[in-house]
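The same subunit A turns up in both complexes below, where it pairs with subunit B and then with subunit C.
Coming up: the complex of A and B.
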């Protein structure tokens, strides 16, 4: 058997068996959240890493997905699981409008326009109390007590998201996306409808992020605008997951998601109770320092610069031995 | 009618401060072609300097301009020299890595402030904080008038600097075409360092002037970064005159929004203007004035 097949086989078995072996709800929760970030990070990467449109507003799609799910029990008396069917679609509708406005701009201005978009949506969700309950938030009752069903749902979503993105990147669309990133004017002159393909990239990205949002609503059972539309904890976190793992790599965001959630939790729990309490306040500081470090020394992320890392580690080992 | 005039007056007064924030951003934007997403956070640092000066050394907030502006000039120059300039040489897929870097810097500054001062709201109270002059039925808040005066002064100073001095001309040359400027013997990486310093010093002045009328907490920077770039987009990227007009327009619009729509939507007014400008007037006010 090939080495690759064995690797994927082992990974699949580990992924499927994980919640059956590790029974601690705490670790199961961490992995569920990490997998959710795999989805958001990968979708961000499709738009930013592959298509070159760096979005600072993925909280728009995450929050819209979450609120779509949350509004079913509030206004229609239906289960929030309906959101899993509709959250992605509604996010796509919102993305159509976002794309219409923001794709008039390029580069950093696009980034800033999406950032403003995220803040606008957050303020609407905060102030439109008759629809969203405002700052009170939406509280529902979790369907399952055990974390197992949630784990498998989010695992399926994450795998589907990565497979879809991999398929897209191997298709003609993928080449169009990369050509837009490399040189938009050249792509346009080669006859690629850049606006159309940027929008396609955005729609796919918004769909999966919206699904992640709808999942978040069902899993956490509580949302408010400050959480799901947060600039720092959603939009910027999505960027961090992408750049730490590696932009424009299929597996980069997946690796980044586990690192970032792990790092956040390590700090939040003060290195699992080993370090003094004040460390727990430093997690955002650590994020900031990590961003600076990664941009300076690993501009293509951990997966993108894996060869460099391996070489450095190898060299230090050899000198040590 | 009185309410309306009052709203316009306070909008213009706060707009003067906004202009200063916007000018700093637009200068950096013009010379380096990047948007500095740590701009509001730099202002927050200046505000904490003012707070420390007033609280521990009992220095009048306006005197701490003399400390905060040089300090922020150095901080800005340091950031540009050690963190942003080296990035030009780093090969990366995303061209926006300098912008992402400023996000990281902003986070670090915010968290350091939270570490030292905790998340509590701080204020600097002065004897004149809530005094006002009345002309007819319209009140002019004294600290806001002082701030407006300072804003005019610094803007005039900046214009003199940009138009009349050698260094100012070099900055404008670099903004127009950095390669041509380099060929003319301008050390453009030194110019970027100085420009970032000046931009930071201007936003520091805005922070100091806001301190007597505003409150302070570590996360305040984010909101002002957003305002700064709304102003820059509104005024036209890289346009100093545009930033002044943009700042006043934003101040008046926010003030009108707070009075006639509701306090909750005050923040949103700026963003709505922002989106409208993008749709109907891409390029901002610069397109109308050509300056």
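Coming up: the complex of A and C.
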């Protein structure tokens, strides 16, 4: 128990002191993006991992949050920070509709419906030029030049997101969610209103993803439909973050986010310029191999199968020594 | 657990140390942002090769007043948000003195915003959305013409030779495609051509038959297409399969002038015309030599993209040579005073219309004649007579 307290204490200090110690905006940027993915991955995990409703369309909520923030400056002349208050809520409204349509379907059909939903929203954003500026995108000038404010904002959001999810999973709701995942019909016959609880899970998930989207707009200061409604770079990435880190674990998506963002940048920059340039072309392949490896050998993700990893590492160490 | 942490820290420290150690001395660093992987990689590669070739020549000729010109070519993967973080990295971590490159409108638009905010001079050489130089940004300079001017040579060819009555416009749903289509739509209205169809298609699409069938039903005199490379080839191939025969197929630069267009579309590429910004036969000093040298070295033809990059590298070198110091304000002053001849034509950054720091470059029309890209318009520069009218079915071998 004491070991645990020390661990969390150290982690908290590291998290708070990181941008003050590592002054390079480049590394700060990578950690900010990772923290943003902690939020998206954890939100996805609440819906997919705990409630069993696998979503292929989290870009819907991310993009809606981002556009909610982006529309303030271009249509109302207000700061995009208003989006931080409203992005999550607008995402929830959209999620109500998505849930109303998609929760009539189960399993793979639900996944496919969300996949289609993401593409529909992207096409709307592309073609509704009077509202969204279409492919021109929305460009704002960042409020802060320093990365510190962004870092602490996203850190607070990420911590809040994880704490809320942990709280929910320890409450009655959490048990309802898991029971829906394990057997929806059994849950229903136990008297659980499965539609209601699936929607609650979706709403919480959409809220945090929308907040992440609004943060993205403020931080990156440029969005277009291809960026924020991207199937590949948002919806699929959310799934990868969850799977690699560990589905249905509180800390899995957090670990997964750092691993995936780190890997992506490592490959993009060809191992920070140390490896030959062609390596950067292999990033999709490397992602694929990683996912195959994780699914085959660590089906519960890095956090879920931490005991296995520890045992493996420990054993090889001992034989080596 | 503890051991793993220690190992992680060591690996991290080594990575940090190494990346710091590769810094060269006695050089001046310029960041170049290009998409060298992803769906726009073909364009990025051709520009990267041209940049590297120019860099070698410049350094062989004494570099920047004795210092080596060091280009840090960073991959944007063709995505605006990656471009943005790449530029931030170049500015803060690599401490480059200025930025060059910039392919694809959206990425360039997003990265230009970062440069403006950081007071970092950015010489754009391909990203062509008007917004890049009409946003009032003071640190952004552009070598290539804005997309709204791409079709000006095509316009004069249309009014003087083809004289179409009806037009169909197809474009990729991207910043470049949408804006180019809108502008051409306006031009047609101004010139009195009727636009019977204006249709966007999705990036990465492979089946254009539905949209081409609609074009065929409308039977327009010309089909104007604003596409990147795979879609350009596929559009022509499928037009051939559907026996779509307007008076002329016109490409709005980008994909239609690339050597890969001919390779992928094969016979369907023959006699297609395209707007272009450059051709090796133009009477600019070094244009032909550049073309031949590039071909000998990389075993592929080079189009306007390569010429833009090659010229941009020489402009960058010229600016850095003239700058009083490598401070951003001094480099900006040198950019403002730029007045030089390149393989891409004369380069001078001025403010005209809504544009700021925009070079005025002419545009041309090229035609694929028997597998070769020939300059056909304006007449005084033409290498071959403009082939018109054309019996497409015969050309395609039906």
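Going forward, the second predicted complex is superposed on the first by the 320 of 321 C-alpha atoms of A that agree within 3 Å, B and C clash if a C-alpha of one lies under 4 Å from a C-alpha of the other, contacts with A are read in each partner's own complex, and residues count from 1 in each chain.
Just so it is clear, a contact is a pair of C-beta atoms (placed from the backbone, for glycine too) under 8 Å apart; a residue touches a chain by one contact, two chains touch by 3 or more.
Owing to the predicted nature of the structure, the values given are computational and were not obtained by experimental measurement.
By the touch criterion defined above, A:295 lies against subunit B but remains apart from subunit C after alignment on the C-alpha atoms of chain A. Looking at the shared chain after the overlay, A:304 reaches subunit B, while subunit C stays out of its contact range.
Using the contact criterion defined above for the overlaid structures, shared-chain residue A:26 touches subunit C, although it does not reach subunit B. In the superposition on chain A, A:236 makes contact with subunit B only, not with subunit C.
Legend: residue contacts after superposition of the two complexes on their common chain; A:47 is shown touching neither subunit B nor subunit C. Set side by side, subunit B and subunit C differ in how many residues of subunit A they touch, and the one touching more is B. In the overlay built on the shared chain, the residue A:281 is in contact with subunit B and with subunit C.
By the touch criterion defined above, A:227 lies against subunit C but remains apart from subunit B after alignment on the C-alpha atoms of chain A. In the superposition on chain A, contact is made by A:313 with subunit C only, not with subunit B. Once the two complexes are laid over each other on the shared chain, residue contacts for A:212 go to neither subunit B nor subunit C. Annotation: subunit A residues 126-127, 281 touch subunit B in one complex and subunit C in the other.
By the touch rule above, subunit C contacts subunit A in their complex via residues 1, 3-4, 15, 18-19, 22, 36-37, 74-75, 77, 79-82, 84-85, 88-89, 92-93, 106, 109-110, 113, 116-118, 129, 131, 173-175, 177-179, 200, 203.
Of all the residues in subunit B, the ones that touch subunit A in their complex are 33-35, 83, 86-87, 90-97, 99-101, 103-108, 110-112, 114-115, 222, 226, 229-230, 233, 237, 262, 264-265, 267-268, 271-272, 274-275, 278-279, 282. Residues of subunit A touching subunit C in their complex: 24-26, 29, 33, 126-127, 134-137, 139, 141-142, 145, 220-222, 224, 226-227, 233, 268-269, 272-274, 277, 280-281, 283, 310, 313, 317. Across the interface of their complex, subunit B is touched by residues 48-49, 52, 54, 101-102, 104-105, 107-109, 111-113, 115-117, 119-120, 123-124, 126-127, 181, 231-232, 236, 239, 243, 247-248, 281-282, 284-285, 287-292, 295-296, 299-300, 304 of subunit A.
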